[in-house]
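You will see chain A twice below: alongside chain B first, and alongside chain C after that.
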Partner chain A sequence: MNVEALFSINQFGLDYERLRLEAALSNIAQSNAVIGKGQTPMLAQVTATNGDFQALVAGGSPGAAPAAHLGQVAAKSRAVHDPANPMADANGDVHYVDVDMATEMTNLMSASRAYEANVRGINTLQEMTEKALQIGGR
Partner chain B sequence: MNIDPIPPLTALDPTTSPANAAVPAAQGFEAMALSGLEKVDQAIKTSDASLQSYAAGGDVPVHQVMIDMEKARMALQTAIGVRDHIVDAYQEFMRMQL
Partner chain C sequence: MALVSDVTADLVGRMLDVQKLRAEAAAGNIARANVPGYIPQEVDFRSQVASLQQDLQQPEALAADLAEMRVDGSMLKPEATSSLLGASVNLDNEVSTLTIADTQYETLIESLNRHFGLMTLAITGRE
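And then the complex of A and B:
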């Protein structure tokens, strides 16, 4: 496997963790925003990857690098009884997206740790390459 | 009692010499050095472009800028390492007593 492929794998890891952070951020941000009438509650999620990551890891060409992207999945809503709110429905309920804060916080932590691990990996790769360049040096 | 006959020797495959097959047409040292330098230059240009795009507020993640710059640095250091070895070898020849 050449260095380019290693860089591609690493970059995919960094991209993926950054997207997980984005998803958690957008979910936390919308946790207390009222859903308008006729809108469906949606949660952000890193949905799918294009390309074959396993093939890339197995030493495929960096050109076939997969790309993670941010998507939306349908979510549950939670209703809060608040007849004074202008957004309330006929029953006097206001609807919010049901964001589980514990899950989002766990996602934040794990994305941050995995990002660090990827950075550590690329630094190690670079250190090893520098060491290799010292072979035979005087 | 049945004894298996000794099988006749099979002819050896004609030797395929991978050394001869895989070697591309010899390319001059100058062309090799030039193509290496062009690769280094390309890496530096790529890192420059992504850095400019990031500085201009483009949709480029920071890690991509850093990776591009790291690639350029590694390419340059490899080129410098190769240069050092070649200069060493050249000086070795120059010191040779004939």
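And then the complex of A and C:
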């Protein structure tokens, strides 16, 4: 395991948590936006590909670095009866994306805390490396 | 051919160039963070480092590799980013890249110092 690999893991952590934050914010932002006709309700979701941490830590083989992507998944919609709304359908229902606020807020907080932990990790790693350089020095 | 061929110093010097290029790329990305349509660049040196690592046991092959290696803009490639805003500069990513390049640079300088310290010791018999 080399220091570069540890830094890479921390960088991935930062990327991943920032994307989770972005996904949660995007979902909260669209929670009260009406879905137009023919549109499907979508929720932002973060996926990680090739996340083989063991390989990265053990060998740091080139190209094995995990990557995080922000994608969208189909979600349920909730209907609100509001015949006066110009976006209402034949039954007088207006459709919104069914965003679970509790889940999104939990994601928001846990992403924020994990991000802080990753920043602390990078700082500690840098301090340790600087200390290691002083071994045997004058 | 140099009078005194020192593969270690050559190798460390070339890696210093790489780390400097990394820091320059990150600094350039931060500087252009708000330019519309700018695609952030990063340094891709994994393939070069892999070929250098293969030749670590053979000083001649390593010296030839080092002589061929070009540390310049050709090592830059577009950064793979994912965001709701499309290809954009992630400041945290750039700053952490700067931190990594800085740490690596310090490590290389320290190893170079100790290498030359050993040579001084060998030449003069004192540090």
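In this text, the second predicted complex is superposed on the first by the 130 of 138 C-alpha atoms of A that agree within 3 Å, B and C clash if a C-alpha of one lies under 4 Å from a C-alpha of the other, contacts with A are read in each partner's own complex, and residues count from 1 in each chain.
By definition in this document, a residue touches a chain if its C-beta (ideal position, glycine included) is under 8 Å from a C-beta of that chain, and two chains touch if they have at least 3 such contacts.
Bear in mind the structure is a predicted one, so any value in this text is a computation, not a measurement.
Asker: After aligning the two structures on chain A, examine chain B and chain C and state clash or fit.
Answerer: clash
Asker: Tell me which partner A:44 touches in the superposition: chain B (first), chain C (second), both or neither.
Answerer: After superposition on chain A, A:44 lies in contact with chain C alone.
Asker: For A:70, using the defined touch cut-off, is the partner it touches chain B, chain C, both, or neither? Pick first, second, both or neither.
Answerer: In the superposition, A:70 contacts chain C only.
Asker: Residues of chain A touched: more by chain B or chain C?
Answerer: Of the two chains, more chain A residues are contacted by C.
Asker: Tell me the contact category for A:27 with respect to chain B and chain C: first, second, both or neither.
Answerer: Touch partners of A:27: none, neither chain B nor chain C.
Asker: For A:107, using the defined touch cut-off, is the partner it touches chain B, chain C, both, or neither? Pick first, second, both or neither.
Answerer: In the superposition, A:107 touches no partner, neither chain B nor chain C.
Asker: For A:11 in the superposed arrangement: first (chain B), second (chain C), both or neither?
Answerer: After superposing on A, A:11 lies in contact with both chain B and chain C.
Asker: Shared contact residues on chain A, chain B side and chain C side combined as an intersection?
Answerer: On chain A, the overlap between the chain B and chain C contacts is residues 3, 7, 10-11, 14-15, 18, 122, 126, 129-130, 133, 137.
Asker: Can you name the residues of chain C that touch chain A in the complex?
Answerer: The contact residues of chain C facing chain A are 46-47, 50, 80, 82-84, 90, 92-93, 96-97, 99-100, 102-104, 106-107, 110.
Asker: What residues on chain A touch chain C, complex-wise?
Answerer: 3-4, 7, 10-11, 14-15, 18-19, 22, 26, 44, 62-63, 67-70, 122, 126, 129-130, 133, 137
Asker: Would you pull the chain A residues touching chain B in the complex into a rising list?
Answerer: Answer in residue numbers: 3, 7, 10-11, 14-15, 18, 119, 122, 126, 129-130, 133, 136-138.
Asker: Going by the contact rule set out above, which residues of chain B touch chain A in the complex?
Answerer: Against chain A, the touching part of chain B is residues 61, 63-64, 67, 70-71, 74, 77-78, 81, 84-85, 88.
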